[in-house]
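Please see the structure below; I have some questions.
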Amino acid sequence: MVNLKELKKEAERILEEGKVKYIIGYERGTNGFWPTPAFIKNPEDVEKLIWDPTCVYNLTRFLVDEKRRKAKEKKPDERPVAIIVKGCDSRALIILLQEKFINREDVHVIGVSCENGGVLDEKKLARRVKGKKALKVEFGEKDKLIVTTEEGKTEIPAEEILAERCLECKANFPVIFDVFLGEKTKRQLDNPFHSLEKIESLSKEERWAFWKEQFDKCIRCYACRSVCPMCYCDECVVDTINFAVTADTPAEEKAQKIKWVEKSPVSSENFVYHLVRAIHLAGRCIDCGECERACPLDIPIRLLNKKLEKEAKELFDYEVGFDPDQPSLVSSFKDEDPEDFIK
Amino acid sequence: MAEEFEPKIVAFLCKWCSSAGSDLAGVSRMEYPPNVVPITVMCSGSISPLYIFSAFNKGADGVLVSGCHPGDCHYIKGNFYARRRIALVKKLLEYIGFESKRFQMSWVSAAEGTKYTEVIKDFVKQLKPLGPQTQLRRNL
Amino acid sequence: MKRTGVFVCHCGINIAGTVDVKRVTEELSKHQGVAHSEEYVYMCSDPGQNLIIEAIKEKKLDNVVVACCSPTLHETTFRNTSKSGGLNPFQCEIANIREQCSWVHKDMEKATEKAIDMTKSAVEKARRNESLEPISIPVTRKALVIGGGIAGIQSALDLANTGFEVILVERSPSIGGHMIQLSETFPTLDCSQCILTPKMVEVSKHPNIRLMTYSEVQEVSGYVGNFKVKILKKPTYVDPEKCNLCDECTKVCPVVVPNEFDLALTGRRAVYIPFPQAIPATYTLDIKSCPGLLPIACGKCADVCEPEAIDYDMKPEIVEEEVGAIIVATGFDLYDKEKMAEYGYGKYTDVLDGLQFERLCSASGPTQGKILRPSDHKEPKEVVFIQCVGSRDPELHCAYCSKICCMYTAKHAMLYKHHVHDGQAYIFYIDIRSGGKGYEEFVHRAVEEDGVLYLRGKVSKIFEDKGKIKIWGVDTLSGKDIEINADMVVLATAMRPSQGAEELAKKLKIATDKDGFLAEAHPKLRPVESVTSGLFLAGAAQAPKDIPEAVAQASGAASKAIAILSQERLYHDPTVAEVNVNLCTGCGMCVNVCPYEALSLKDGKVEVNEVLCEGCGTCSATCLRAAIQVKNLTPLQVHEMIKASLGV
Amino acid sequence: MEKTLLKRSFPQWVKKLSSYKILAPVRDGDFWNYEVIDDSNSVDLNYLNTVLSPKKIIFPQREVFLEFSSSNEEGLEIKEVLPDEKSSVIFGVRPCDAKALTLMDKVFGDDLEDPYFLERRNSTILVGLACNTPPSPNCFCLSVGGSTHSKEGLDILLTDLGDKYFVESLTKKGDELIKLAKGTFQEPKPKDKPDAKKIQTDSEKKLKRQIKEIKKVTSELKEMFDSPFWDEESMGCISCGICTYLCPTCHCFDINDEVTSSSPLKGKRVRNWDNCQFPDFTMHSSGHNPRPDKASRLRQRILHKFQYFVEKYQSYQCTGCGRCVSKCPVGIDIIEVVNKVKDYES
């Protein structure tokens, strides 16, 4: 069980010792009981820190901002940034290291284990406590979560309100950290790709109908990629605007910009956008489920990435997010890679 | 009776094997259907998934990717990366319910003029009953 | 907007027969940005080319598309044409409407449609082509030859005699390789040492050759024309300048170890000279078998060394050199004896391999050329030679044919008969491969003049029996079982790439085939080149070879190297990768996939070594952010080609 | 005109409106959205706030302005494309969303008239539903001069009285709709109106969230342009487009030429929603970006809503629907941000 006091003590220590610039963690939000990312600079503010099943965010996303900010600073503060990571978040960190986007010495990793297997699914919870308004959710004993509503506490079996991804999590504790709180209780997984079965069992036509309905909803608010720590490109290939230009970028180079996808949120363009994103996340997505959570229209984006994670495992025996030194999925191959699909 | 549907196919051919193979087919005057417009690239390894999605988005009824046989790559190993990348694209397209018969990969060596014609013939035959590709075609 | 000129060739009726050339020309004239469009019966003819040149000048064309035959045929032609018209050659593109269209279709209507799309596609590409100049590279006019066998010696001499400096690196104390161990050579039976030693001497005396024996290549970097190599010079603890070959040291050296040169048929001391005619002619103190230098355990050799040539303080030395070309001639080894246990090899002293038998026959060998069996020094009266030991055996050993065994076994049998007139030689063979000048005749001579007995079949069992070696086998021609009580057995064991070659290949980035032999760039057309330009292959390192073949390839490799060294500068195709640093995040995926190690990371961005880059574009397909692309086949160009091909 | 309508006869009314295109909130999984209704019985007014406001109907995310094609040598042939849909009725419009449309009227109907917007706006009739209980925990309409029962921008306002609706027609358009189904309406009973009034006051009490002393905000903001406040507040922002795309008042757009064929040239000029929170929103082709960071973009959003718009149109560009608060993936809360503005000393 992660001891919040210890967590705060550690936070206080590193801030007082001036070991880190600031701490990226979770604090209670103002919109109901959901948290909001906390960026804590002063030791006296560590009291704000929380850790409970509502801490859904993958905070590594903010290391991307930090890098950008730092790049702009004249004399940057070279101290590392401390960050609180769950199992999935830590795998995101692995990818960022694997892709040399951040240096290990620039982060002080405070790893926390997901007690009883993970974080909440907002909608599942709402459905479960039907009508009643949840005020607080805590980790309970063995695979139970304690939900407090206006009408008091109720124990709910974790799997009923946990995020789908948590039920399929390979390791609900960090694989990389400087400090670790909690214990490495690996939940036993009979089927890590369970959530795919429904769609996989459909016929081709049904699958198309399903995804078409989903992507037709897309309003291209790009929350999926904005919240994704792997979508750290300065400019997304599908964007029609030259973003990574500088004052001395020649006109020809700007003219080189390709409209792979039109800005209009019409079916075909939405499809291509989501396909490109999925393929670019193949072997990189660590299934933190943030894209799906952020989507205001509940498009099950995660199921796209999860599918490719499954294929990577089954076709190429490629596991994502455990080894920062492993070459990326598409920049490596095995002689025995399957080719039965090739004429 | 209405005229038979003629699929439009974009074929990405690597310069050293498949494109040379198609040249050989020409030199040997082998006949195959004219539905394919070849685009010669240096190596099958240089074919980005974006090319494939884009071709369908621009209205291709079928897309063919063809490179050297494993081990024969002019660039030593480009086709191995292609093999992996294309496998993922194919799986993804299948998964979203896209008609995966429309997307084909083949190994055609510079000596395989016959194979090239066979690949094209079969592909066209496979595409005709499917009719025009509308799933990813730009609908602006 | 760029002004493009389109030139459609009839190629007589080759194109015009199935493609409506007029229509293609018309349609293209309507295409955005096409300023000129015309047809002609033979564009490649002088009048045809002149049309292009004039159009470029009159219509002020920026680029040219020729719709004609395959670019493999006339791309160069028309690029030169464009050049004489005043354009950069890269402003010319070919639409292959013959091989890829007119020759493979019958339906004129549809073929024409396709030809139009193909030409439009070419236009879209052409108008986005960059004008490029070939990349020019300076050349270090010096060569490195790795391996001092006959192949390496030949290459080194050819290079040196053409006037280029050569560094010849050999890891053992003397050059000469396996050839110097042989007694006679087929099919002429002339003495191997007699024909090789003069070449060895020439090497040692040649002003252009720097001979580095007892040395190994440690590291190779750079690229064609500009390789940097690190060579480790192992200490011999004997100063060749001072050593006067008095041989006193060996007399006092207390250690005896098997003599590599005689393949363990004799012994040598820790301080030794490999063989009398060794080049360089000097002694070597083999530190592995010496009782020890730190601290000095024995020190006798130094004590007796008059000229004080022995220097225990000699240190390994790393020599750095720059060369323009490298020839790899690392030769072969025989198949390991461990793997040959079923033939009793290594178990019975009188079961020998081919090279050991060569030593037995050799006048300079352990028996001064008398053929005596190792166990009891008796003259063997019945000798069984077995071919294809380890070769042509995909299940258990090597799938390939070692090529030279048929011939040298015939030679061995013959030599044996010449030494032991009343002896009997048997040869077990699968079949006889005697392709080569005078080879077939040679085998016949063995049978007819020397009465060698060829038995077609494989040996089923070999075992010792009352001081004899019993061989069971089947004669597959007669179907009879055979049993021979032999005094000696000689195995024609398979040839393998020399030990350590694999490791060297990695350092040099040369591919190896499934058997570990160095891979040539093309099995037919580029047999002496490796895929990496500037690196060449010679001798048995590439595949089993006999002496004349090895020598021929060595000269071939040398001439290829000379082709590079003889130039002031080299020119490299400029259609290479370029990086958009604004987009690059330095993830290094492209670095992983580059087959030529042309990419590297510097301050978080990727850099292209334009000389190493071959322009395959695998990097650009791998990059998630379109930060790297190959000039003149950019994603934008492909994107526009896709659109044109689909008429959108 | 004031009437009452029994809930059970509601479908009959809708049926009578067959000459109109009918839109109403439709449930889709866990959320609601406005969809075209073909079955009059399927109009269900027991809905929570829709994800997207009726903005998306009158100011669609994608709008074609014109079509162009290069007809041989004469250069371009251009054809304007104006919306020509039959007039439509939107049921179940929340007062806040209706008010939002009046704010857009100021933008698109002021000094510069936008024919595309106005065409749709004028051909649309808004039947509102008063919020007896705030449909979202983050409703704060009162703070920004709205109300759970505000009539602003509506043609008809329905108030749920249990088994019936209290129906107030506010415009001619509204009267038209009622006339079409005279029979189905009754005259209100004396206590109906006070009841409705009471429900309103009760429901306004139920509003949990509010911006305190909003009057001060505008002047405060004027002083805070260069304040580090924006850096602190924007730390958690991920620069997605949710807050503004879901906002009923945000109206920024981007105009693009979509080329469907390059030779011969064919294509459409289209308007798409754009979004001040996207990093490339203010990107210049020179590479210069006047709003280079999240701070300047969050500031823009707040200032536009609570300063610039006020200065130009004497009204906040926010109607307190709470969508941006509820849907922000990182819990950025405009109510809190604005509340902090007031008591921020730099």
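Labels for the chains are A, B, C and D, by order of writing; each one numbers its residues from 1.
Everything that follows uses one rule, which is that contacts are C-beta pairs under 8 Å (C-beta built on N, C-alpha and C of every residue); 3 or more make two chains touch, one makes a residue touch a chain.
Because the structure is a prediction, the values reported are computed rather than measured.
Ranked by how far their CA centres sit from the centre of chain B, the chains are topped by D. Chain A and chain B have Cα centroids lying 36 Å from one another. Centroids built from CA atoms put chain D at 74 Å from chain C.
Chain B and chain D have CA centres that are 48 Å apart. Residue positions 593, 622, 635, 639, 643, 648 of chain C are each in touch with at least two other chains.
With touch defined as above, residues shared between interfaces to two or more other chains in chain D number as follows: 258, 260, 270.
Residues of chain A in contact with at least two other chains: 235, 237, 245-246, 249, 260, 262, 264, 266, 330-332.
Viewed as a contact network, the protein chains are fully connected, with every chain touching every other. On the side of chain A, the complex with chain D involves touching residues 29-32, 34-37, 39, 57, 61-62, 65, 69, 123, 126-127, 133, 217, 219-223, 226-227, 235, 239-243, 245-249, 254, 262-266, 290, 293-294, 296-298.
Contacts from chain C toward chain A in the complex involve residues 580, 582-583, 585-590, 592-593, 601, 604, 622, 624-626, 634-636, 639. Those residues of chain A lying in contact with chain C across their complex are 99-101, 232-235, 237, 244-246, 249, 253, 256, 258, 260, 280, 327-328, 330-332. Those residues of chain D lying in contact with chain B across their complex are 258, 260, 268, 270.
Taken together, the chain D residues at the contact with chain A in this complex read 28-31, 51-52, 61-62, 137-138, 232, 235-236, 238-242, 245-246, 254, 256, 258, 270, 272-273, 275, 278-280, 283, 285-288, 293-294, 325-333, 335-336.
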